[in-house]
Every structure is written in C-alpha cells, then in structure tokens.
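Note that subunit A is present in both complexes that follow, paired respectively with subunit B and with subunit C.
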Partner chain A sequence: MIIDVAKDFSRYPAGRVPEDGDNNGTRFREHILVPALKDAQRNHTTVVVDIDGVRSFGSSFLEEAFAGLIRLGKFNRNDVKKLLEVRCTKPHLFIFRDAITSYINAAKTDEQLLAH
Partner chain B sequence: MHRAANQLKRKRGGQSGPRRMKVPSSQRQMHRVQIWQGGDPEWAFALRKPDLPPEKLCLTEQPDACFRFFETLRSASSAAFKKKQILIDRNARPNGFATIPGYVDFSYPSFISTAAAVILASEFERLSKAHGEVTPTVDLDRWNPDVFRKLYQIGFFEIVGITPKRHDVVIDEGDTRTMQIIGTKNANDLEQVDNGIQNLCNFVNPDGEIPDDLIINLLTGLAEAIANVTGHAYPNWFNPEYPHINQLWIAATADRARKTLTVVVYDQGVTIPVTYPRMKRRDKVMTFLARALRGTPEFDFQNDGTYIRAAMRYGGSRTDQRHRGKGLPQIVEVVSRSGRGKLSVFSRGGWCIRNSDGRLRSGAVSSSIGGTLVEWVLELSPASVVADQ
Partner chain C sequence: MNNCLPTEDWSNKLVFVFIGALIAYFFQQIRVSAAEQIALVNDHIKDIEKFSDAAQGYWLKQPANIQEEAALAAKVRTTHAATTLVYDEMSKACGASGDKYRQLMQALFEAATGGSFETSGREIDPLRAIETHDTAAQLIHLLRCSRRDILSIRRIFRYRIDFDR
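This part shows the complex of A and B:
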C-alpha cells in the first residue's frame, strides 16, 4: 500500500495535535498510518509513505505521527521497521526521510520514559 | 495604483474643514485633530498630548525606545479598557467636536520595520476588539509617508477595520514587495503563506532560481513556530486583564536590492521568559542558566535575553515530556539549513539574535513588547549580506 502524504493527507502537514491545525500528526497517525499498518500486518505486506509532494514537515508532526506509533504502544519498533518504508526522490526532502527514521529509532514508550 | 490606496491617499491629502493649528500637536494639551474610522473624516479634540513613538520604530536599531513605546501603548490601551473609556466620545462635543482621550503621533517616526509594524497592527487590532469599535487614525495626512506606506502594505488599515479586506495580498513599492499580515490560530493557513512567500521570491528573483528547498525549510520553520504558539503561548492560566487576541500574526517582506526575504511571526502570549523558568530542565540547561542568570537583576526583565538564549540553544518543555519542547532549536536548525540568514527572537523584555555566522548575542531592556516575535531574514543570494541591523 502506498500513502502519498501530499495527495492522501496534505501538502502542509504541521503540528502535533488538533489545536495546531487540521493537518496535524495525531490525525495522520490515527486516521491514515495506523489503519494502513494494521492492514499491512494482517496481509503480510508493507506500507510505503511517499513524502515527495509535501511543502512543510515540522519535527513536531514527524515525531507525533511516526514516533507516536511506538510511544503510545500502537506498534513495537521492530514491527514499524518491518512494515514501514519511507519513499522520497527529492534530495532536499531526504532530511525529513532521515528524521522519520531517527524518530522511530529514538522513540520510547511512555512506560519506558517513566522508568527512565 | 490600488483603489484602496487612492482612497487612503485622498484621506491623507487634507479636506475642507477647520484650519489646522500652527502649533505642533505634540506640544499642546487639548487640541484639535482629524480622526478617521473608515467613513468621512471628522474633527475631534484630543484631551491630552499624543504619545511619541521613537524616530525609528525598529526592534534592533532602537530596542530600548521601541520596547518602551509598545509598553506605553499597551498600558494606555489597557487603562482605557479597564476604565471602560470609549475611543471617541461624541456626546461631550465641545464646540461641536467629538473628543478622544489620547493617540499616537505617527508624524514623528521616519521608519518602521516589518516586525514593528506587525506588533503595532496587532495592538491596534486588540484595541479595536477590546472596545468593539474601530480604532481611528489621527491626523493621517501628517503621517510620515514611509511609515504610512509600510503600514498600508502590511494591511494595517484592514486589520484595524478602517478599510475593507483587500484581495491583493502582496503590494510592491520600489525595491520591496510585502505580503500583508495573515492572522491565524494555527497552521491551517500555511498554503496561503506558501503562495505569498513564493510570490515574494519571484519578485526578488524573476528568473525563478530561488530553490524550492529554501521555501520548504522556511515553511517548516514556520510550522514549528506556529506549533510553539499553539502549544505554549496562550496557556489556560494566562488570563490578562487586558484581553489578548488568541492568535498569531505572520507577515513577510522581500527586498530586491538586498536580495533578502524577511518573515515575521508574532503572538501576544505569555512569552518565553515567563514559560521557560517554569519548565523542568535538563542538567546542562541548569548549568548554563546558573552561570548566565543575574541573581539580583538591576532592572525588570534583565534576565529575559538569557532565557531566550537558553530556549534557542537547548529548547525546553513546559509539559515535561521529552519528545516535546524542541521548537526553537528546530527553528534554529531550519534557518541554518537555509544557508545564510539571521534569526531574531524577541520576547517580553529580551532578545536573542543568531547571526549568519551562527553566533548568538542576547540582551534585554526594562520594557516589554507584550509577546513573542520571531523574525527570519534569509539571504536569497550568496553574494548578499544580511546586515546586523
């Protein structure tokens, strides 16, 4: 399955929660990413997130949408790494692709944060 | 020339009516002025001498005078609101004239920066909303032409409610093109900002060689700034007696001669020096603050620049969640990714400026600008240089 962020969500993903705007990371995670990943998990496929068309990509959006999967216990890190692929062909967007990877790698569940 | 501009110019051109007094208005107590709320201009008596803005309304060139002016303006507006004073009293009418309690003399300043124009517009909008009445201009025909032009370009008269909303969102004047202020509550208007900024970039470089990544970086920085405002600027416990407008203001100006793009985001919120000390901070931040803060400040807000500097270097989080609170450092990172450019953050009485070479300098004055303003000055050509001031 391919999620084209610009077409399927917004060219201007921004912010973390609804107060930050309609195109926030929570909405992307809950309404698009989680259902797609669950579907992929059931069907033993993968989800490709294509970020080529976006015009903004704040860290708060990326952290909430992608690290939030792990932080909130929706999926564990290994599952996210297996199921999710970020596609990007524009060099100036590579930094966002890499940011998604590093947010996923650094994400901790709320329990882990409390224990720390 | 736009019809609205012509209309404003006619208002500024002088009308038939009582002859002007020869004594400068700033020297007189009760004196006659011409006021305008968008309809026909009318004559009124001002009950006291006007407040004088600094000669240059610029946060970086005259910070002390500029911060003090905004504080004075806000205090006067707040006092009028608390006393339920009306903006124009048409009941008293000595000699048939209405009266106004006071005003700002905009014939005096010869320059206003984009940042100062945004703060001024937001304060006038606040005054209009608090009183439920359009704040009038006073002696518009005497206003300095450069100051008038900047305020017109930025949409000041629309925001205050004097003229109807324009459809043209950018206006050219010589070597500059300005995107009028976009007032918004969140990131939903990023597309409008994107269109405006692309328009400004095309103005600076008509060959269309402004790289897309520069605009995307800028929009990303803006998205972070907006998230900062929605997340921190107007917390539930912040309930000032003089009601703020729970939103932010975005404006931008391109300078073709200097090949620069200036983008400003302003909010009337609780400010960094108020929120930052309330945050749970990491050890290295505590060490930095312990070294840099003055134990006994010599004046109010003296430590404000230090708090802003710490927030830009280390970030922080009022929510005490580690995945949050990286707003300002992210903006700094975005600016550094964009190549040469200057980032300035002004909040309450302090400021911190990151120059093109990455160096930070900070300072503070004893007055408050009444919110937080973030300003980027991006160089759109490697050959150009962003001056410090």
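This part shows the complex of A and C:
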C-alpha cells in the first residue's frame, strides 16, 4: 500500500494535535498511518509513505506522526521498521526522510520515558 | 629537406606540450569545481544563518494572535526549505564529515521546529532558541572546516570530482 502524503493528506502538514489545525500529526497517524499499518500487518505486506509532493514538514509533525506510533504503544519499533518504508526521490526532501528514520529509532514508549 | 619534416625530437616536444596542456586543463577543472563548491558552501552558510535567525525570532516571541504565529512559523519553514535544497550535495561536499553534517542538520531541524512548533499553546522557549543558535554555530564551523578540505589536493585522490556539475 502506498500513502502519498501530498495527495492523501496535505502538501503542508503542520502541528501535533487537532487544535493546531486540520493537517496535524495526530490526525495523520490515527486516520491514515495506523489503519494502513494494521492492514499491512494482517496481510503481511508493507506500507510505503511517499513524501515527494510535500512542500516541507515541521519536526513536531514528524515526531507526533511517526515516533508517536511507538511512544503511544500502537506498534513496537521492530514492527514499524518492518512494515514502514519512506519513499523520497527529491534530494531537498532527503533530510525529512532521514528525520523520520531517526525519530523511529529514538522513540521511547511512555513507560520507558517514565522509567527514566 | 630534413628541416621541413618533423623530426623525432619535434614529435617528442609536441607530446610533452600536449601532456602539459592536458595536466593544466585537468588542474584548471579541479580549481573551477572547487571554487563552485566553495561558493555553494558559502551560500549554504548564509542560508543556515537566516534559518537560525528566523527560528530564534520564532522562539523568543510570544505571538499576539494566530495570524502572527502562522507568519512567524512560515518564515522558519521557508528559511529551512532554503537549507534543504543542497542537503544531499553538502553531505558529499563535506567528505569525511558528511555523517556529522547530516547529524547536525537534523539536530538543527529538530531544535528549530520541534517541541511545540506550530502548536496552539506555543510559548516563548529561550532554551530552544539557544539550542538552535548553538547547533547552527557548530554546523557553520563544520562547513568552514570543510572549505579547507575542498581546496586540498589530497581530496582529489580521496573523492571523485564530478566535472559534469
């Protein structure tokens, strides 16, 4: 399954929670990413998130949408790494692709955060 | 008759001249390529400074209303977009420091647009402004050091130089 962020969500994703606007990270995670990942898990396939059409991201959006999957216990890190692939062919967007990978690698669950 | 025809001595001289011209052309191309890369690094440093200034302006000002918040955030986003245009090219230009460059660019992105960036309850965050400035300074220092490396002759043998650029 392919999620084209620009077409299926917004070219200008921004903010974390619904109060921050319609194109926030929570909405992307809950309405698009989680259902797609669950579907992929059931069918033993992968989800490709294509970020090519997006103008830019805020770090807050990316953290909420991608690290939020692990932080909120929706999926564990290994599952996310196995099920999710970020596609990006435009060199000026490579930094966002790298940032998504780094957020997924650094994400901690709320329990882990409390333990620290 | 012999004076009119090229002798072996003459053809040797021609070969030397040709090789000399070829070497001169090769080094000239390296100089042009290095000069272009240095100009790119200088422009990139200016873009990072603008991004850092915009981010500090954002985190050190409490917006009066939603419009002002959107305007400040847009300035941060647009100045950041200018820095990402050469992200891939700069990681290569930094040579051995390419990984460190990518790490610092991400740290700067995280410091400037992380936390409560573009959120409704956003408050002034002086620590984030300091972190942004600090990370930008480290990044600029790394790029300045890379300028020396770009000019280095050793680099020619370490990295492939792309003359097609």
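The rule is simple: the second predicted complex is superposed on the first by the 116 of 116 C-alpha atoms of A that agree within 3 Å, B and C clash if a C-alpha of one lies under 4 Å from a C-alpha of the other, contacts with A are read in each partner's own complex, and residues count from 1 in each chain.
By our rule, a contact is a pair of C-beta atoms (placed from the backbone, for glycine too) under 8 Å apart; a residue touches a chain by one contact, two chains touch by 3 or more.
All values derive from a computational prediction rather than experimental measurement.
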In the superposed model built on subunit A, check whether subunit B and subunit C fit or clash. clash
After superposition on the shared chain, which partner residues are touched by A:Arg71: those of subunit B (first), subunit C (second), both, or neither? first
Which partner does A:Ser60 contact after superposing on A: first (subunit B), second (subunit C), both, neither? both
Identify the partner contact of A:Arg11: answer first if only subunit B is touched, second if only subunit C is, both if each is, neither if none is. first
Contacts of A:Ala99 with subunit B and subunit C, given as first, second, both or neither: second
Partner chain(s) touched by A:Asp22 [first = subunit B, second = subunit C, both, neither]: first
I need the one stretch of subunit C that runs into subunit B once the two models are overlaid. Options are 42-50, 96-104 or 150-158. 42-50
Do subunit B and subunit C touch any of the same residues on subunit A, and if so, which? 14-16, 19-21, 55-61, 63, 92-93, 95
In the complex, subunit A touches subunit B at residues 11-12, 14-16, 19-24, 54-61, 63, 67, 71, 92-93, 95, 107, 113
For subunit C, which residues are in contact with subunit A within the complex? 73, 77, 80-81, 84-89, 102, 105-106, 109-110, 112-121
Can you list the subunit B residues touching subunit A in their complex? 186-188, 190-191, 194, 211-213, 215-216, 219-220, 222-224, 226-227, 230-231, 321-324, 326-327, 330, 337
Subunit A - residues contacting subunit C, complex: 14-17, 19-21, 55-61, 63, 91-96, 98-99, 102
